[in-house]
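Two complexes follow with chain A in common, the first pairing it with chain B and the second with chain C.
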Partner chain A sequence: MTNTYGRFALVRTGQAVVVVLLAYILTFLVISVLPGDAITNSLRDPQHGLSEADIQRIVAYYGLDQPVLVQLVLSLGRFLTGQLGFSLQSNLPVAQLVGDALPSTLTLAFTAFVIALVFAVAIAYGAHYAPGRWAGVLRSIPSFFLSVPNFVIGLVLIELFAFRLHSFTTTDPNSAAATLFAAITLAIPVSAPLAEVLLASLDHESRQDYAQVARSRGLTEAALFARHLVKPSALPSVAMIALIVGELLGGSVITETIFGRDGIGTVVQKAVTGEDQPVLQAVVAISAVVFVAVNLAADLLTPLLDPRVKINETVDA
Partner chain B sequence: MSADLTFARLRSAGAASLRTRTILPPTVALSFLVLLIVVLWSLVPGVFTSFSPVTGETAAKLAAPSAQHWFGTDYLGRDQYARVVHGTASSVTSALVAVIIGLVVGSAIGLASGFRGGWVDTTLGRFVDVLLAIPGFLLAVVIVSSLGFQTINAAIATGVSAVAVFARLMRAEVIRVRRAAFVEASYLQGGNRLQALLGHVLPNAYRPVLVLAVLQFGTSILVIASLAFLGYGDPPPASDWGLLVASGKTYPTAPWLVYAPALVIVATVLAVNRISRWLRSTR
Partner chain C sequence: MHATEFKRRAFLAGFSAISATALLTACGGPAATGTPADGGTPVDGGNITFLIQGYDTGWVSSKTSISSYEGNLWGQLTDKLVYVDANGALSPWVAESWEELNGAKDFVIHLKDGVTFSDGTPLDAAAVVANLQAWAKGDPERGISKVGLFPASNYVGAEAADAKTVKVSFSSPALGFIATLAYHGCILLSPETLALPAEAQADLSQEIGSGPFVLKSWKQGDSYVLAKRPDYNWGPAALGHTGPARLDTITYKVIKDTSVRTSTVASGQADVAFNVEPQEIEALKAAGFTVGTPKYLGFVDGFQVNTQAFPTNDVSVRQAIQHGIDREEIRSTVYTPDWDAATTFIQGNVPEAGDYSSSFAFDPDKAGKLLDDAGWKTGSDGYRTKDGKTLEFPLTPNPYVPSTKAEDELIAQQLKRIGIKVTLKVVDVAGYAAIQASRPPLFQTSRSFVDVGTVAGVLTSQNKGEDWFNVGTSDTRLNELSAAVASASDRASREKVTGELQQYVLEQGYFIPLNQLVQRLYLISPKVRDVQYNGLAYANFYTAWIAK
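Moving on to the complex of A and B:
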């Protein structure tokens, strides 16, 4: 068993590394091949105020006077040794830009994750146990959550809680209250698919024979839920963690813009509008690493958490 | 319990299924109505509003919703309802383009991957993994920034970021069908691979993929609206729904500028999602 698991873990980790490298290459090609010579164009923009020597230095650093493949190798080599390059806009190291923005995004994402979890569990539990009409209402909530754009949720929350009720001010986006509402904005679309999966597996598990046996032993529904249903119902949602992290990373661009927070999302937005390719490349690469690593962790954990999962199947899939 | 079973069997048995299917649940009928309006808005916007979406009376700027201006007016006195109606074509067509890109490219990858297996499957599978390694919205942002800020590019970006989902589903469906007895039988009758693929595998594998396409249409509307909201679509005076929300948010005293287009987006996506769920349940 352990031997099979070891091989499985090794193969999966290897695959993950390959995927990250390929994702880096794909991003590089998309960013640098399609628009032609955007870096040099933006460097020559007089607004930058760069001297000819500065431009030459940057051109040499990124190998811009050489074929794309050489640029790619240069860039990939730097990425592998942990060098993320420099911003074309501010000349700051990308690592510093990302490092400064990371705590804000992590706080937001983690708070949003907790809120999404609470929402999802509440919706799933409510929809499963609520009587009649209420169950129908609760069951339609995830679909409603998925139909409302992130930015609309954010604007409504700001209008309602900042402008009308004065629960927080938009001028202090890092206050606890403002963070909470930004996190709710981010959490709502994340909670919907999670609630759907939780509800589906809760429905499924409660129909199983073991649940009937437990009921016949005289367990109340609440005790049955707490003792027997929580664990198996939560398992399928572990596989969703990657989806959730992706939503959190992508959604932070919009949420941070609306709430005026200085996080990774804002860095992305500035890089896009300023055609700051090294920053964009680095942020996407970091996101891919995080995303793939979380996915890998979920894959590696599933067979350990659920003995029913056969490793061979997961390798094939 | 047994009554349920026989009824379900009856429904899927020929003529009876036709009769039960023609009765739409009310919410589904309403969803179709919403979509019909949206389609008409995009095809013949002039029929629904006599106001111009680009010129307005500055004297009547930032007016609240009234009988004359249903959604109020914006900072140039333009009728917001006219802006929404005229922005429909761009918002909806781009979502359609995105779905078609995702559907065609993704299905082709999934079909080849699931049908051929072997090294084709491994190579394409790795490619799909790579697309999935970058969070969808971020991928769309990178592609649109690289292609240039236009609504059509936002549509392409959204389509590319949806390719992986379609490829995954199509591959799974093809693998499910590929080994079926009727596919084997077509080979025994002397059919070649292409005949088996087009005549037997595809017709039995495409339905879930089409249902996904409907669902993805709703998602694409949201993603494209988000890209337009960030300013990555056509610039004003274009009036894509996402852009309308973005430009409306600078006027907190005129919340209808945000709420009207937002409600239209939500209603459209809700309708699409409802229809998609209904299609899935009546399979």
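Moving on to the complex of A and C:
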């Protein structure tokens, strides 16, 4: 077991490193294919009235006139030696831009994750145990949550709680109250698939023999849920964590924009529209590392948590 | 992705309109009491919050001082040598007076006494020479560009005659030089700041200016707090105020979403919002808010026409487009009465702007006749053809002015009525550069200038000009008029020949004007008074104050 697990862990870690590198290279190439570059785009603004020759001199300073592959090798070299470089848009250090934005996004994502978890458990529990019609209503909530766009939820919450009830001000988006409402906005679509998976496995597990046996021993449904059903029902949800992390990162763009938070989402959005390659590369690399690390942790933990999961000798991709 | 974005926009527009109206009713705000600005006795003190969509391009001055966003903040932190008012009139600022000598080839600038940068160093002749050098040449070795509109091609150099006097010389007449000193690109910074590499200039706290406000704290992409400079006493006399600014602080806060910015000011949680949707202006005004729609000096919103491309190589087609566009419909549909109709291809506040509106008056019958006479026959699908070719061209809205998309959609419908097929091609800022390089039949432009001499520099290929209409040297009349504007050494003769140039360009259909351009909009709370706008349409808060 240990030997097999060791090799499994090694191969999975190796794959993770390859995925991060591929994400880095792919992003670089995609941005390079787009017309223009960060410097040209900002200096070509007709308001500047700069001549093409003037612009080209500045473009050359930033090395953006070199072949894409040369730029890629230089960029990758800097990345591997831990240099994130400077933003082409603002000339500020990428580490500063990302470092300033990261805490805001992490706070938002973590709060949203906790809220999503609470929503999901409440919906799944309610839908599983509620009588007749109520169960139907509760079971339809996840699809409702998924179908309402993020920005609609955000705008409605802002209108209601900021402008009418004055629970928070839009000019101070990092306050606790503003963060809570931004997190709810982000949590709603994230909680939906989580609730569905949880509910499905709850339905499945409660029909199993061991549940019937427990019931016959006189256990109440609540005790059964708490003692026997929660753990096996949660396993499929753990596998979803990686997807959820992706959704939290992706959803943060819209949530941050609407709530006026300066986070990773807005940094990415600005970097994409401005073709700010150094910033984008850094964020993609960080996101890929986080994403892959969470996946890796889930992969490596599952065989340890669930004895039913066997490691296949020929590790699949 | 595009579809969702589109739906999102539509939703936001609707939502924000509803919410703004609801809020205004809910707040019971000040009922329409005429003009809320410019009333009462100014008081000192108070703080305002200014909401803006973003500060993405940072703080390297030569790169961002002309930006609609960063430019707003630069205007409070820095001064200029010359002030230009909303009508294009020049007046002293840090330059107390100036002399134009030797047929506008030499200039002497006399500086105001006692002006200092916020670090205490004097803003003297040496500092001005360092700034002139940076505007004219930039420093490509450090990745720092020159200031685009500065007359650099004939700039010889500048020297400090004494601590308060600067001599500047040019190799040929530079009538536009003094006006350029009032341009938003020409902000005065400490020579120490200018000597820094780009990466250090990106740090706003290292940008040392002499303006009425200084930076107190900032978090890039989030918020910027400016505090008044107590010893400031050299504002432009034209603003009618001396001594320090009246406000204690201005906080620039980034809120990207337009509907949230608007509603935040409407609900009283902030005082000024930059760029609100034109459709909301009427409701906001009715509720007592001030909406500033200042115009800047420059070209109007419109199209430069490629005379070598199909189908605009046919003068009849150009003239038909000129008369086939209903600009009044654009103004009433896309904009509000705050937008002015164009009378020529330059903005109405440029002193040399004339009224040539008859040469592009809406007249669909005339447009149709021009095309008929030129042999363009209407086919069964309603579009005209000639020699087997359909009368069609693509149109790309100007991404630097988002409202041009709605404009161009309307133009496509209008031109369809006279048998011209227009296909819209929407691109982002990056794609727009490629469009420009491909020289399409019509290219939508938005270009500011502070001196009409700039016009001569872009219309033809003379003096490395931009040759907007792709005529090269083939059109001798255009080249003669353009050369006469460029080489004029006195303003009266230049004004006359500029008028002839405007009429000729419009009659030939070289430039197709739409309406006068408003690129910066300010939604202002009724309690904020005496905000002033310069000729580049930037709000100046030096004189602003808060009514109790």
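Convention: the second predicted complex is superposed on the first by the 283 of 317 C-alpha atoms of A that agree within 3 Å, B and C clash if a C-alpha of one lies under 4 Å from a C-alpha of the other, contacts with A are read in each partner's own complex, and residues count from 1 in each chain.
The definition used in the following text is that contacts are C-beta pairs under 8 Å (C-beta built on N, C-alpha and C of every residue); 3 or more make two chains touch, one makes a residue touch a chain.
All values derive from a computational prediction rather than experimental measurement.
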(message) So in the superposed three-chain picture, is A:T169 touching just chain B, just chain C, both, or none of them (first/second/both/neither)?
(response) second
(request) Look at A:I55 in the shared chain and tell me whether it touches chain B only, chain C only, both, or neither; answer first, second, both or neither. (result) second
(message) Once chain A of both complexes is superposed, is A:E159 in touch with chain B (first), chain C (second), both, or neither?
(response) both
(request) Report for A:V267: first if it touches chain B alone, second if chain C alone, otherwise both or neither. (result) second
(request) Figure out whether A:V20 sits in contact with chain B (first) or chain C (second), or with both, or with neither. (result) first
(request) State whether A:V292 touches chain B only (first), chain C only (second), both chains, or neither. (result) first
(request) Identify the partner contact of A:E275: answer first if only chain B is touched, second if only chain C is, both if each is, neither if none is. (result) both
(request) Scan A:T257 for contacts with chain B and chain C and give back first, second, both or neither. (result) both
(message) Quick check on the superposed pair: does A:F151 touch chain B, chain C, both, or neither? Answer first, second, both or neither.
(response) both
(message) Need the overlap of the two footprints on chain A, from chain B and from chain C, as residue ranges.
(response) 34-35, 149, 151-152, 155, 159, 163, 257, 273, 275
(message) Touching residues of chain A toward chain B in the complex: what are they?
(response) 15, 18-20, 22-23, 26-27, 30-31, 34-35, 143-144, 146-152, 155-156, 159, 163, 245-247, 249-251, 253-254, 257, 268-269, 272-273, 275, 280, 283-284, 287-288, 291-292
(message) List the residues on chain B that touch chain A in their complex, please.
(response) 126, 129-131, 133-139, 141-143, 145-148, 218, 222, 225-226, 229-232, 242, 245-246, 249, 252, 255, 258, 262, 265-266, 269-270, 273-274, 277
(message) Using the touch definition from the top, list the residues of chain A that touch chain C in their complex.
(response) 34-36, 40-51, 54-55, 57-58, 60-62, 86-87, 89-93, 96-97, 100-101, 149, 151-152, 155, 158-159, 162-164, 169-171, 257-258, 260, 262, 266-267, 270, 273-275
(request) Going by the contact rule at the top, pick out the chain C residues touching chain A in the complex. (result) 4, 8, 11-12, 15, 19, 23, 26, 49, 51, 54, 56-60, 63, 66-67, 138, 140-146, 148-149, 185, 198-199, 201-203, 219-222, 253-257, 259-260, 263-264, 267, 269-270, 400, 428-434, 436, 445-449, 454, 458, 464, 466
